[in-house]
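Given below, in the form of structure tokens, are the structures.
Each of the two complexes below includes chain A, the first together with chain B, the second together with chain C.
Let's look at the complex of A and B:
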């Protein structure tokens, strides 16, 4: 085409536009921003890309996000299909199609095969979408973690670290309590094995259609200002345990009363009958204008619900292998590698740990821990004893990562053979350490447990964080652990908030040992319990430590606890270590006056 | 103006401020009649009546006009007016199923019993500004013209005049409605024989269901929507986004009172109202996932935003009754949603406060005199802790 011809055509087009002006719904800068965000979303499948979502002439929640995407990626040459619940005649579809066609000057269609862009609310068309087509899904809730976490910042962290164990725990809880998953539409999916994604509330029926699809899917939440995408040929999998079948919506014997289809997504109508939700497909079936064989293959028949398979999910049992795994060398000894390549004797080494709380109005500077150093070998237990305020708990919190130390080093044999200072790790890496390397039992069980979920679910949280994905294995391991800490198994599915203090502490211990950590920190593990209950927990801990090649630090104000559990001990007073030695010797022959007072208190 | 100088209006300035407002108001009233307000701004009038708790369209239009379109001020005028009225009788409970429908939407079912009656609404129209004299920015396209033509060609179907079945009845017939929603009994177990009238009685906690519903029916619409939205997207959410609208209805119902002598119920007039049933799946821990629960909302006049947010919050309030979160929510509903209370407290900040402020200043000065700086707060050491 010559330049003159192009100019002529531009003049002609401009003239045509003058005659029938189109409303401007969105300015060019806005469209460009949506396109840029869409490209970013395609580049990182399933990741929510924030964008400056503009206000549209439809209510936020009526597809203002999907509308922006369609207006930004579409043009005059496109053919747009708009559906709501699978229906072109739905109020939302009619409204949006009118706006899109008016603003883009493009053609509209009901036929999925003709469409270049399909904008949809709640459905993916029954017909297979093909190469080159774009599916735009309107999203009412973009955050798949919202139901387990209300904090936006925490959700962001969980996505950044791919820390999705809470979603798995929610699944575990539903299976353990009700024998099935109750999530209806908006079932969470993993995209490209990396990001957890809310697939807009398409029914579970449609989820397999996102997996390795030929078309591009762009999902947009206008209200929350997020765009995300599933590019063609991307793996998309519903979040489901390896050994529990995913289920789609299906009522046995149901069929469309108009077209007779049995392999489509059906919605109930009056009189107990059903209709195809996809009106176009239903009409084409009646006109014999479909490839029934291809559709039957596409229909998710392998996921039809089967109540018979659910029965075993609530049973509780402990297998012998699980039981043995707990007692026979659950943890192998692990020591650090020295600079010269020789094995060191310790699993945990703390050097020069210092914590200073700065002063502020109304409070003066406090040196909570000054230059504290010690190491612990496998199968060894070290006690840290002191009154409240002596700094012992501060030392513990700095090692765990609940507080930031002012100075010092902590090394773990389980972390790069002890060559890396734990304090040099970022928060994310420190959190990961606590999954399998470094476990804690807190004085207050609510710090270590989620009181709103079951005993089994609390253990499942640690196991799923460590990558366990088989429901029955998780359940069996949790049962074995609970049996070992003497929690009655018929209470395994009760929420921990209903448990007594001693029982909660036993659950916390079971959770701490779930992944066979190499280092265990016990912070006043029996404080706050009745004397007889405390004695029982202490006996249990003594047995568990004896069974394991685990390095243990026990923090307590009570010399009798330290004496029951540890081989060596150090005494802390006002942030300083004032005396160290073998626990029995310290107890029998304390040198410092302060230690003598502690011993006297334990003897009284 | 002596206000700025002395921070005390003085009688003369107060009278002048009122006169200035009255002068502007006369200008308004000359150009805009009560009838025009009723005809052109019915949604504003309805909202004001609902928040005021007084059904009188003409009086509400007068208030709206006098308040220069400030709905909070109009509500205030109507509430104050209500205090001047003697209560001659208490109405009988209205029968919502005898409603004459203007509009009825059921979102939860493709083809519910009775019509999806869209009525008069902007829900389905593009929100494009349209100045007078300019052409329609989005004229009907071929598709819409065809639809309109076929609608004209079709003889409109006659529907018998009856009230469609409520969606909760449909759920109940299919054994899917929770017993609590079916009976309407207060989940807290509080006695609730008579509707709690917040115009005559103080707020008391714990509140019965009827008191919670009354507080929401009277609530400032924006505050109620805000609380509902916060409960969904806020950091302390107590409901989720899975609420489905079983019914939204707008229509007219008869109002009747008992004759003082004969004891017979007599219809004394009609009110328009908006009603909503919000359906939620009982899939939280401890609930029966084989059932749905229904929350209820009702607002005077046409106010779908209020009815829907009220129904969703009613549902949430009953699901979490008796928990710490439920107690918090109950207090928020009962004590923070009333527009007159909230706006009044805000307005009071504009009054002179120099006596109390003087008292605070004296304490600040005293603190300076005795101040002891924090011990050892060298900034270079502080940086280490801020990691």
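Let's look at the complex of A and C:
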């Protein structure tokens, strides 16, 4: 007699003895709430739907989320199977099944074929799930972005905008630094080509079973209060580069010690042997109660790992085409169309930009920038000079979108041929501009870089955001860029946080140029560096700008930076543009008192 | 028939020094001059006469207060276009037609962007001092200038080589950092950047002042060759012998005005005493 059978008997005896209904585990209102959330989750596959989670009589982390779904969607007519780590006779599985059976008054089973609801953690049954069956997965981490982003709000934004470049960077990092994907359980998947989803801690082996499945999968996290679902016949694809195939867990030559299966998910046991993870399947194989042919077709053999393929992942090489692509990169000048349809000269046009910090109790109104206007053409660099507090950085931040301007217009030739005011765009559209249209190099490299990932990974972030999905192409392009900015290639896979200030700035510049933006904003690009390093970075920038057709705005308090990089410049003072001119003329023949003071200070 | 290339009308320049209570220093008091294609005009005069200021006003390194600087382009009106290669796709070509005034451009009123583009392509300026960026080699510096003028690839490299060789800069110095060069070497690098694939009009401010006689001779040969290439030159020299040798005409400046002009022989004779004194 199996454990389950004994427990069932105990259940039955206890029920008969008391002859009274079980206490209510979940009230009807709670069930309705979960059903509503489940329906919403089915309607938007992969999207996390919040719901009012109830306290369950199980410890947290023991399946309170899955339990709520099963209790809410199940009824007397159902047959419930509960699996824990592939085993329906584990303590947790047995307890949950007892609780469910008692609460719903339904039948229980160990046989996947008989079940209408399968509640599980860590596995999808080895046997085929069928039409009409519901798989309920208990989820320990509902947010697939949690490992790359701690902020809940930021994660929500990334889902809303389908901005998943960070997860691609995480994949890139695993391949580049580790030489292989090491994410095992809960491998991130894209559901219905739209939402990134954490498929609970099922192994990679089970991921293909979610794709275009016949059954409904509902995933629930009780403590996070999130429900999400994969309806039948929904595409589910693991996040994987086009040229680095997805791999499942598989040890060549391994087979189950008990049943001899080779095409099941096997777990290693002591002595170097393997056992089927799915206890039910293993037992049925031994009793010859399986359709072996059907199962073999279901086993993800096409995803078995290939060690030879991994060799090339860590190599660093720069191909000549990639190198050349850098120097001719951005060769197409991009200018705007005027109202009459004629080509304008500029790539970026700022008109009447004004930023007022409103006065409040204890502080007076501050005009940080007043009616600032300029435009920049391809292969032209404009300098904005001024001391701290002159408003030059405010202008920059308003253009980027880090701050909201009070008035004015910013137009980009790369955005609807310059007919659209950038300020009219919503935040997500403005963020997208930063990917390929408008690049920024900040004074502080930590604003433009993720210090916790490698130099190559930082560049990969920009490239994956721009839609690059081939690992080797990303890597080669990143290497070419780093080589161009004179970062030694043997440091490509080192974490940027370990780099010196000058090297960080070089990586930031490489990242900014990665997608050949048409407009580049440099905010005090060399200010944080010591003199000799600054000279090197300045020189590099000068070369990079000379070989590209890019429109550049350089903001600096340092006349020498502006002189080295720009042809034209404007001088700002207290939010006003006090003087404009050719850069060398402003230096040689400054007219305004303020500019003269600035020049005198620069000369001394 | 010679073609006019530059006309300057009543150019005035003064500096207001706000740091010194608004003190005004006059520099140019109405300078007018005219330059034809292929002419080599020298400007002579004592220090402080306004020679350099004049050149700087023409290139807009100084912003003139009043007057006109008219650059006549060799457009369709002039007949043939100069055979120089125009910038390809890499740099937007400067089109005089896009500038108000058609084939004649008024430089003092030209917008900054057009002026920046026109510089180095239509007008070159060689100052007394080298202003190369940090970590820049002579080869790189001159190459940048050549590329700016539309030369590409091996053509540019070749032109750079010719210019540096012509000025006698040893080849082992081509790749070093400009900051380690001597004064004379720097001046030659500067001059090389000015005359590589020369624009139609070159302004030279004492281009050979720091050179020893041997290198000065080489530089002068290169400068003389400019005229035969159809390049017009307006240059400041302190050495009367150089003016006699290279200039077709000389302007004498004093106190911000042009006080005399004519052939070197006649004019220098007349102002001999004052000029020799200034040069000494």
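In the analysis below, the second predicted complex is superposed on the first by the 575 of 604 C-alpha atoms of A that agree within 3 Å, B and C clash if a C-alpha of one lies under 4 Å from a C-alpha of the other, contacts with A are read in each partner's own complex, and residues count from 1 in each chain.
The rule we apply is simple: a residue touches a chain if its C-beta (ideal position, glycine included) is under 8 Å from a C-beta of that chain, and two chains touch if they have at least 3 such contacts.
Because the structure is predicted, anything quoted here is derived from the model rather than measured.
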Item to complete: Identify the partner contact of A:337: answer first if only chain B is touched, second if only chain C is, both if each is, neither if none is.
Response: neither
Item to complete: Check the residue A:270 against both partner chains and state whether it touches chain B (first), chain C (second), both, or neither.
Response: first
Discussion item. With both complexes overlaid on chain A, does A:359 touch chain B (first), chain C (second), both or neither?
Written reply: first
Worksheet item: Per the overlay, which chain contacts more chain A residues, chain B or chain C?
Response: B
Discussion item. Taking the superposition on A as described, I'd like to know which of chain B and chain C A:489 touches: first, second, both or neither.
Written reply: neither
Worksheet item: Between chain B (first) and chain C (second), which does A:535 come into contact with in this model arrangement: first, second, both, or neither?
Response: second
Practice prompt. Flag every residue of chain C that touches chain A in the complex, lowest number first.
Written response: 15-19, 56, 60-63, 89-92, 112-113, 115-116, 133-136, 144, 147
Practice prompt. Would you mind writing out the residues of chain B in touch with chain A in their complex?
Written response: 109-113, 118, 123-128, 137-141, 143-144, 234-237, 240-242, 281, 283, 285, 289, 374-377, 381-382, 384-385, 387
Practice prompt. Could you pull out which chain A residues touch chain B in their complex?
Written response: 23, 25, 56-59, 62, 85, 91, 94-95, 97-99, 101-102, 108, 140-141, 146-147, 150-152, 173, 177-178, 182-184, 267-270, 275, 277, 356-365, 404, 406-407, 452-453, 495
Item to complete: Would you mind writing out the residues of chain A in touch with chain C in their complex?
Response: 331, 333, 345, 377-380, 535-536, 538-539, 542, 546, 549, 564, 567-568, 580-582, 584-585, 588-589, 591-593, 596-597, 600
